[in-house]
Each structure stands twice: as C-alpha cells, then as structure tokens.
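Chain IDs A, B, C and D follow the sequence of writing; residue 1 opens each chain.
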Amino acid sequence: MVTNQLVLADYNLLRWIPLIPLLAVVFNLFWGRALGKKFAGALACAAVGASFALALYVFWQLPSNGIFRDSIYTWIDSGSFRVNLSFQVDALTAVMLLIVTGIGFLIHIYSLGYMEHDEGMVRFFIYLNLFIFFMLTLVTGDNLLILFVGWEGVGLCSYLLIGFWYHDSNNAIAGNKAFIVNRIGDFGFILGIFLLVTELGRQGIWTLDFLELQKHASMLSPASIGVITLLLFVGATGKSAQLPLFVWLPDAMAGPTPVSALIHAATMVTAGVYMTARLHFLFVLAPSTLSLIAWIGAATAFFAATIALTQNDIKKVLAYSTVSQLGYMFIAVGVGAFSAAIFHLFTHAFFKACLFLGSGSVIHALDGEQDMRKMGGLKAHMPQTYWTYVVATLAIAGAPLTAGFFSKDLILWQAFNHGATALWGIGLITAGMTAFYMFRQLFMVFHGECRADDHAKAHLHESPAVMTLPLMILAFGSIFTGWLGAPEYLWGNRWDLWLQPVFGAAEAHEGSVGTEVIVTLLTLAVVAVGIYFAYAKYGRDGTEVEQRAGAGGLLYRLSLNKYYVDEIYDHVFVRPFTAISDFFARFIDPWVIDGTVNGVAAVTRGSSQVWRGLQTGNVQHYAAGLLVGTLALLAYYFGQS
Amino acid sequence: MIVDVAIVALKAFLVVFMVLNLAGILGWVERKGSALIQDRIGANRASIFGFAGMGLVNTLLADPLKFLTKEDFIPPAGDKLLHTLAPCMALFPALVTFAVIPFGDVLIIGDRMINLQVANLNIGILYVFAMGSLGVYGIVIGAWASNNKFSLLGGVRGSAQMISYEVAMGLSVMGVLMVYGTLELQEIARDQGTLIRELLPSWLLFMQPIIGWLPAWGIFLQPLAFLLFFTAAVAETKRIPFDLPEGESELVAGYHVEYSGGKFLMFFAGEFAEIVTAAALVTTLFFGGWQVPYLMRDGFHFPWGATWLLPHLAVVVLQLVAFTVKVIFFCWLQILLRWSVPRFRYDQVMRLGWKMMLPLALINVVITAIVIVAAQ
Amino acid sequence: MDASTFVFFLLAGLLVISSLLVVFLRNVVHCAMALVAALLIIAIFFITLHAPMVGILQVMVYAGAIMVLFLFVIMFLNPSVLERPRAAWWSFASLLAVLLGAMLVSLFFNNEPAADPVASTELFGSPEMLAKSLFNDFVLPFEIASVLLLVAIVGAVVLAKRERSV
Amino acid sequence: MLPVNYYLILSAVVFAIGVIGVLIRRNLIVVLMSIELMLNAVNLTFIAFSRYLGSMVGQVAVFFVMAVAAAEAVIGLAIIISVYRQRRSLDPQDMQLLKW
C-alpha cells in the first residue's frame, strides 16, 4: 500500500495559511470602512500574498512523500468517534494551495483595478478573503468534516459574490439559483459522508480522517462503497457544475468578473475534482461509479461545448467552456487518471483565469458591455489584453507546447489508453469545438471593425497596470505550467512523479509511444480544423455576426437557448415544487398545523374555565383546602391502624 | 405547713400594705414637693378638728373619701366590662411585682429560717419584667374602652412607649445579671454585700487601694446600666418627662380622661405603686438592696479589719431600715424629676428609646461580657 | 380527684372557654383580651409542667409584646365595622374544624397508662438548663432565629412605612 | 401525676378552635390571633412531652416557636396595615385580586 511510505510530520505553520485571510476579514469587517477602500484592498491583497508566500515555503519544505499535519484541537469527541480540527498538507494539497493562493493573489491585485470605482469595494474584498479562507480550509482539512465546512463556506461566498450587486434583482436571483442548486449537490455529499461514517462504524472504525479512511477503505463492502461514492459524486456535480446540476454556473456570471475568474473558473468549481481526487482510494474501489463519472464528464464536456458555440455573451461563452473543461477533468477522474485530472485543473486554472480577466478588462474598457456582437476590433485599443488573450486562447484550444496541449492530451491519451475509445472520441470532438468557439470569441471581440456604440468607443482604453500585470503572469503560466507534465516522448512527466505518493503508481503508461504520438497528432488536426472554421466564419469581419445572430437552423437555436434546460427544470422541478408549497401554505398550515395548536390551546382554556373556579383568591378557602388535605391524611392514618 | 402558709400570707400582706401606704404618702409628697419646688404652700385646706397636718390629711383621708364618693362615670358608647377591668389591670402588676423583691436577709426565729422575700423564684428578675410588660394592658384597654379620641391616642402612645422602653430596660439589666451571674434578686442582693477587692482580677489589683474598699454594688460595677435602667423605669411609670400617654396639655388627661371616682383612684394608686416598684428595683439591682455597707449577718466587718458584732435581730432591723430608706430616696428622686424637667415630644421619646438607649445598653452588655471574660 | 387534677381541669376549662371567646367574640379588642387570657393560662400550664423559664418567656413575649402589638395595631386602624358572618361557609368550615378536633382527640384518647414521667430534677426547665441546651446543641438554629428576627424587623419597617408620595 | 394525653387532648381542642377562627373570621387581625392560638396549642404539646420525656428539647422548640411567632406576627401586622391603607378593609373577602 502506497500510504505506508508516507511520512507524517507535525508542522504548526500550517494553521496560518488559512488564518491570515480570516484575520484580514475580521479586520476589514470592523475597520475596513473607516480606513477606506484603498487600505482595505491593499490589506486583503497583502493577506492573500502572505498566505501565498507561506504556501510556497511549505511547498519548498515538503518532501514528495511527506505529509505535514497541524492539529489545533479536538472538535468532536463522542465515544470512539473523534474529529480533530486539524490541517494537513501532502503533495496534492500543496498543489491546490499554490493554485488557490497564487491565482487568488493575482486576482486580488487585478480586483484592485477592476473594482476601484465600486462603492462596495470593502465588502467585496471581505467576501473575497473569506472565500480564500474557506477554500484553504477545504483543501487543507485533514478530514471530511473540515473539508465539508470549507465546501459549504465557499458555497456561501459564491452566493454572496454572485449577488454582489444585489440592487439588480436578477443578480440576487442568480445567487439564489447557485445556492439552491449547490444545496442539492451538498445534500448528496453529506448523505455520502453519513453513510461512510456509519458503514465504517459498523466495521468498528469511527473516523473521518483521510489517512484512516485510506487505511480502512478496503473493509467496506463493494455495494456500500458504490452508494457512498455515488452520493459523494452528486456533491461533486453540484459544486463542479456537471450534468445535471451545471445550470447555476452560467448564471453565476452575474457576479463581478474577478469573482467569475477566481471562484467560477479557477478554484471553487474545481473543488469537486479535488474531492474526488482526495478520496480516490474510495473511488478506485467502485469501478461502476468511476465509469459513470467518466460518462457524465464526457457528456458535460460535449454538451457545454455545443452550447458555447453560439453564445454571444462574452462571459457566458467562457462559463460554458469552463463547464466543458471540468467535464474533461471528470473524464480523467473517471478513467482513474487522477493526476491527469489535477494537472488539467492546474493548467486550466491559469488560462481560464487569464481569459476571464481578459474579458473582464474588455468589459471594463467598454464599461459593462458584455455582448460580443457589440465589440470587435479591440486589438488596436488594448494590445496587452489582446496578446494575453491570444495566448490563453491558444492554451485552452490546445495549441502545441501550451499548457492546454499537454494537459488535455494527457487526459485524452489516458482515456484512449484506458480503452474507453468512445470517451476519447467525444473528447476529441469537444476539443475541436473548444478551438472553434474560443477563436470565434477571439475574432468577434478583437478583430474586424468595432461595433460598439459611439460613447462606448469614446473612452476605449487599455486597462491599468494592476489589471494587465496579472494578465501577463497568467498568460505566461498558461504556456509554461503545462511543461511540467510533458509526455514520455518529450522530456517526460515531472507531475506524475510529484503526485505519485498520493495516487500511487496506478497509472502506468503501458501504451506504446507511437500510438501516443498518433493520438496527439489526431487531436492537433481536429483543433486545427476547429480554428479554421472559426476563422472562416468570423475571421474577416463582424458583419457575419449580425446575420448569424438572426435566424438559424434548429440546432443553432437549440444551442443558443441552451437546449431549454432551464425551462425544462423550471417546468419539471420548480413549478411543481412551488405548487406543492403553495398547497401546504394554503391548506395544511392554516388548517392542520394551526388547528392542532389552537385546538390544544382551546382545550386548555376550556378546562381552565372549570378549574379556575377553585382559585377564589380568598385565603380562607385555601386554608380550608389545607385542612381537607390534613383530614385526608388523618383518615388514611386511621385506615392503616 | 399551716405556719409556712401563714408566714407567706403575712409577708404578702405586709408588702402590699407597705407599698399602698407608701403610694398614698407619695401622693402627699408629690403635692408638697411640687409646692416646695414652685414656691407654693400646697395642699393645706382640709383639716380634721383644725388639724391640717401639712395636708397629710388631704391625701390620706380626704382624697380617698372624695374619690370613692364621686360618681363612677362610664361613657355610654364605651365598653362597660373593659372600662371596669382596666384600672385593676393597671394596679395589679405594680403590686405583684413586689413578690420577688427581697426586703431583707433571712430572719431566724428558733429553728425556722424566714427568707425576707415573698416568693423566691429562680427567674425572679424575668418575673419582674413579665409583670411590667403586663402593665401596659391597663392603660391600653382603659384608653380604648373609654371610646374617646384623646384617650385612644393616649393608649396608642402608651403601648408604643412602654414596649419600646421595656426593650431598653431589659437589655440594661443584662449587664447586672452577667456580673452577679444569677436571676434571683435575693442572690443579687446578697452578692452586693461583698467588697470590690474580692472581685478585682489580678491585672487590676493596683486599683485595690483606691476602690477596693467599696461594696460591690451595681452602681459601682454598672454605672451606665444604672442610668439606662432608671431612665427606662421612669418611662415605664409614664411620668414626666415621659407622660405622653397622659399629656394633660395635649390629650387633656390621656388614657384616663374618661375615668373618675374609684377607678381613677386605682389608676392613681397604680402610678404611685409603680414609682415604689421602680425605686425598689433600682435599689435591689444597683444599691445593694437591703445591704448596709460592711454589715454581715453577725455584725459589721470594716475593710480596715475592725468588727462590731450585733445581735441577729438588730442586723435584720438595720437591713429593713436600709432598704426602706433607699426606696424612699429613689421615690423622692423620681418626684423631683417629675417637677423639674419638661415633657418630651413623642418622636423624641421614640428616638431616645430606640436610637440612644438601646444601642448604649447593647454596648454596655458587650463591654461587660469582655471584662468578665478578661477577669477569668 | 386530687388537687393537681382539679387545677388542671379548672385551667383547661378556662383555656377552652377563652379560646372559644377568641374565635367567637365579635369585637376585635375583646378577642385580643380573651387571647391574652388564654396565653396567660397556657403560661401557667408551662410553669406547672416544670418549664418556668418558658412560661415567663410566654408571658413576656406573647402577652407582653406580641399581644400589645396586636392591640396597638387594632387601635391604630380602629376598624369600626363589625363583620357579617357568612352562614354557609361558617357551618362548612367549622364542621371541618370540628372533624379535625374529633379525629385528633380520638387519636389521643387511648387509656393505656401514660409513660410515667422522668423524675425531674430541681434544675429541670431552669434558665441554666435551657441556656445549656440552647447554646450547645442548638447554637446554629439560635443564631438563625436571631437573623430571622432582624429580617422581620426590617421587613416590618419597610412594609408599614407610608410611601413618601402618599 | 396527670397522663400526657390529657394535655394532648386539651391542645388538640384548642388547636381545632384556632382552626375554626382562621377559617371563619372575616377580620384579618383575628385570623392572625387564631393562628397564634394554634401555635400555642402546639407549644403546649411540646412542653408536655418535654416534661414527660424529661428532655429540654421540647422547651427549646417552644423557644424557637416563640421567636418565629414574633416574627410572623410583626410581618403579618405590617402587611395588614399596608393592606388596610390600600383597601380600607380587613375582610379577606375584599382581598381576592390575586386570582385568574
């Protein structure tokens, strides 16, 4: 067993990684308003920067097969079941730490520029720091309960930030939608946790600790593992926007763009992937669940990609592409290639964040305009944004030697190698579509002549350095981060080596190098085709856009309207639910519930009407009562003797 | 048996006789005394065959005759029974109190030792207080039964005042009881026959030449207690300066405003009897009772060693005389008081009783206790 | 029937009569006087039962202090209205009470010879004995009683004090 | 010597009489007096037993009963006074506000 060679070490520095942002939250909560936006923002950035530095330090210290643990105190201690409030860092967690704090840091800095005109800036940074805190709790928690706390916390922050501009009721509604859909997932998740605890408890092991679980996972019966993993995966679908619970993510774009970048692209939505990876030892024991995950991932990837083809809202496109990329990750999870999944998560974090921030800077430039049909030709006005955007687009499309190329191909190769040719096929097509819709967006936004209205044109400007600098860093990342996981025929895969202690050497590349090269070339071909189509349709000028926008084929309209999924859900779930609630509100509550309560009251009242006659308020009557009691006692005594 | 009963009856009769006559004479003394103080002649009209006897006739013959022959008036709306009962209740305690007051040491006739005291209770002093506390009823009931605003006010005042001063009185006596370590008045009187030098603790021996020769009278051991007790006693007798219940100028005559004739006489006599009782108590508790300094049962033993033996009868007679003289002196003192100080206001009376005498008495008790403990 | 028995029955009769008077006289002051009489008789009982100390205390505390306080209050309030009896309640309540009395009496009415009394010493019931048992075995209750009285005094003052506003 | 149950019967009778007073009188002062009567009946039994068992405990108990009775009377009378100020009456029937 691989875990045997893991070395556990106490490391009291860990607690500070999540704690610093929390302190910043508290401070801003009380004094942020008084000290002004600038200070609050700076403080928030500093806090996240500090925990980033700490994370780096820990990462530096951490041996590949080591686990740092920081037990703060025992949270629950009932009988043999005890849960510690304690954090742990192993290779996987370290990666997540770096992503969360690193990307988070960049996005914080970006937000300094993006939100500077917003009066809610202090509140924004409080939420943002809070999110960082919960996300770090999620990834560093050493048992399922802590992870769940973080899980719910990030859900809350997501809700708060989606509805950040709550003056517009649509945003609030979008927030509610995200929250409720997540609840459904979380319900499954916590059910899974309960089942896991009880099942293990039946075997005499009362624990939620990951290492313990890993030790004793084998004791569980296959059936129960199947159910448990399934429930846990329901949670994952909720958080990571997989079918059928993906609907909240596109609406979540109502939030400020940095939020979309941080929460709904880079970090929170990947929590599901992280969770499955963290519990891989359970999932590998449930092959059926794994294949289900794989298929759902593939379906989501394909499905979302098709929707992304036709969207005109710059952020919606990115949102659906996020969903689709998450689908890729779940394909990887499904075929047991956890490290590949995490790898894609890692690279995706970079280029998707970059894309979102780029779109953000565009929106910023056009003050709030999000419809791509009203853009175009921005290349001239904002070169830095443009070039970073190009890089990120290439990366996500999977152009050679970019991060996306490596990670996506790794996944596809793993799928192919795993023998799931169908999955591989879907992935392949999706890759093509990804290339298409990304370049479509690129052309529509930056090429052709500008279609923005005049007063928007008037102050077109490149975003300030605080915004472009993170863009560049991320663009850099979206090329070179991928080189960590190069295939064997290049300089080989450092990434797997790093994560091996966690996931074990389960994923050996027995496939021959030749096939791998062929597969890769095939992918590149498909991508190239996608790019060509995009260029053909949107490359030259934006006039096409107007025409296409009007009528179109059935498929086009289907895709444009997201297959009416929202409407279907509305009819299938929401309407009946409200109807039932309405029924209860109208009949059950007033008649049955109130009836019972009032009935009890009425009975009491009625009987009191009778009995209160005894309470005359006259002392002497009470005295007589005493006397009667005494007589009764005496009579009893006489009866005895 | 018969003889014992006869002796007790005799003693009782003698005591009551003495007290009543003393009371009567005090009536005369009061008048003459007031006349003396106010530079008048005082009662001198009534005379039998030209013999006026400085008005002694008035009080001993004329007044009783007058009272007894006057109409006995009962207010129509009043309460007949209680109105009649009240004077008796006023007079009774004053008289029975004397039962426990020793007026002499033992008288030895043949082989029979007669304790010169009507009843020797082992709770003597408490008995005194018990009877004293009953004295209230006389005036309260009388006041209420006359169905008269003034008398009722007097009664209310009287009850409050007497209860208040009983407390101070009892507490002031505590010191004495602690010193002599007994409740029996006869015992207290006997203990006062010793000399202070016999009581001095070792750490006070240097005082011996100065005060050692004094008899161990209460006045020397408990001066504060004496002051308090005497004041309280005067208050109990409801005489000026404590005659709020009566208060001629405010309540006409207070509780006995509706009384006349024999009943009034009884109130009157009761008041003077109380004077005598108070005097006797003060004497017994603080002035050695029947003790004559240095007079033992067989004669004088002076501190400087000289002795003068006397026959037993002479000793007894001396004791009786000493007792009588002391009592008369204190009666005179009270009458002097009554004519020389003005009346308190009601709140002043209450303040004096509760806020000054009671704390003082308590302090006295505490100090006495400390000293006694230290002396052991 | 020797002297002591005669005295007992005499006093007992007086006691019963006076307590009946307490309950059935209509005039409050008469009731109070009857109660005083009853208390004095009980005091005499105490003294005949070799409890002279308690007997005297009975006279001092009850007859001397408490009842005077009662009289004081009676005169203070001087309630002129005579109470109107309520026939029904009257009979019911007195029936109950009589029942109680009957039960108790029948309870005590056993003709078995009473345990002959312990020969009492001269000291029995004297202040010394009382004080000894008070300050040895019952010191704590004694102190508590003193505290109770203090509290009672304060409470009485507070209760009976007339509000400044009125 | 008189058997103890003479005293017991006597006190029982007196106690019952006191109970009657408490129950039927419509003057709070008299009610209070009846309570005193009951207390004294009990005291009588105490003393009787202390005499017949030759123990001082009974007398001590009476002592304490007196203390308590004094406190009770004082407080009761104070309450009566303040009530009388409010309601101008001593009839317990006029003091029935404390109900329902």
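Just so we're on the same page, contacts are C-beta pairs under 8 Å (C-beta built on N, C-alpha and C of every residue); 3 or more make two chains touch, one makes a residue touch a chain.
Worth saying up front: this structure is predicted, and the values here are computed from it rather than measured.
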item: Per Cα centroids, the chain farthest from chain C; value: A
item: Chain nearest the global centroid, as defined over all protein CA atoms shown; value: D
item: Contact-richer chain pair [C-D vs A-D]; value: C-D
item: Distance between the centres, which are taken as Cα means, of chain B and chain A, whole angstrom; value: 105
item: Inter-centroid spacing, chain D versus chain C (mean Cα positions, whole Å); value: 7
item: Inter-centroid spacing, chain D versus chain A (mean Cα positions, whole Å); value: 81
item: Separation of chain B from chain D, taking each centre as the mean of its C-alpha atoms, in whole Å; value: 35
item: Per-residue multi-chain contacts in chain C, two or more chains; value: 53, 57, 65, 69, 74, 76, 89, 93, 96-97, 100, 104, 107
item: Where chain B touches two or more other chains, by residue; value: none
item: Contacts with 2+ other chains: residues of chain D; value: 19, 23-24
item: All chain pairs that touch each other; value: A-C, A-D, B-C, C-D
item: Of all residues in chain D, those that touch chain C in their complex; value: 1-10, 12-21, 23-27, 29-30, 32-34, 36-37, 40, 43-44, 47-48, 50-54, 56-57, 59-60, 62-64, 66-75, 77-82, 84-85, 89-91
item: Chain C to chain A touching residues, read off their complex; value: 89, 92-93, 96-97, 99-100, 103-104, 107
item: In the complex with chain B, residue positions of chain C that touch it; value: 27, 29-30, 33, 36, 52-53, 56-57, 59-60, 63-65, 68-69, 71-72, 74-76, 78, 126-127
item: Footprint of chain D on chain C - complex, ascending; value: 4-5, 8, 12, 15-16, 19-20, 22-23, 28, 31-32, 35, 38-39, 42, 45-46, 49-51, 53-54, 57-58, 61-62, 65-66, 69-70, 73-74, 76-77, 79, 81, 83-86, 89-90, 93-94, 96-98, 100-101, 104-105, 107-110, 113-120, 124-125, 129-130, 132-134, 137-138, 141, 145, 148-149, 151-153, 155-157, 159-160, 162, 166
item: Partner chain C, residues of chain A touching it in the complex; value: 620, 624, 627-628, 630-631, 634-635, 638
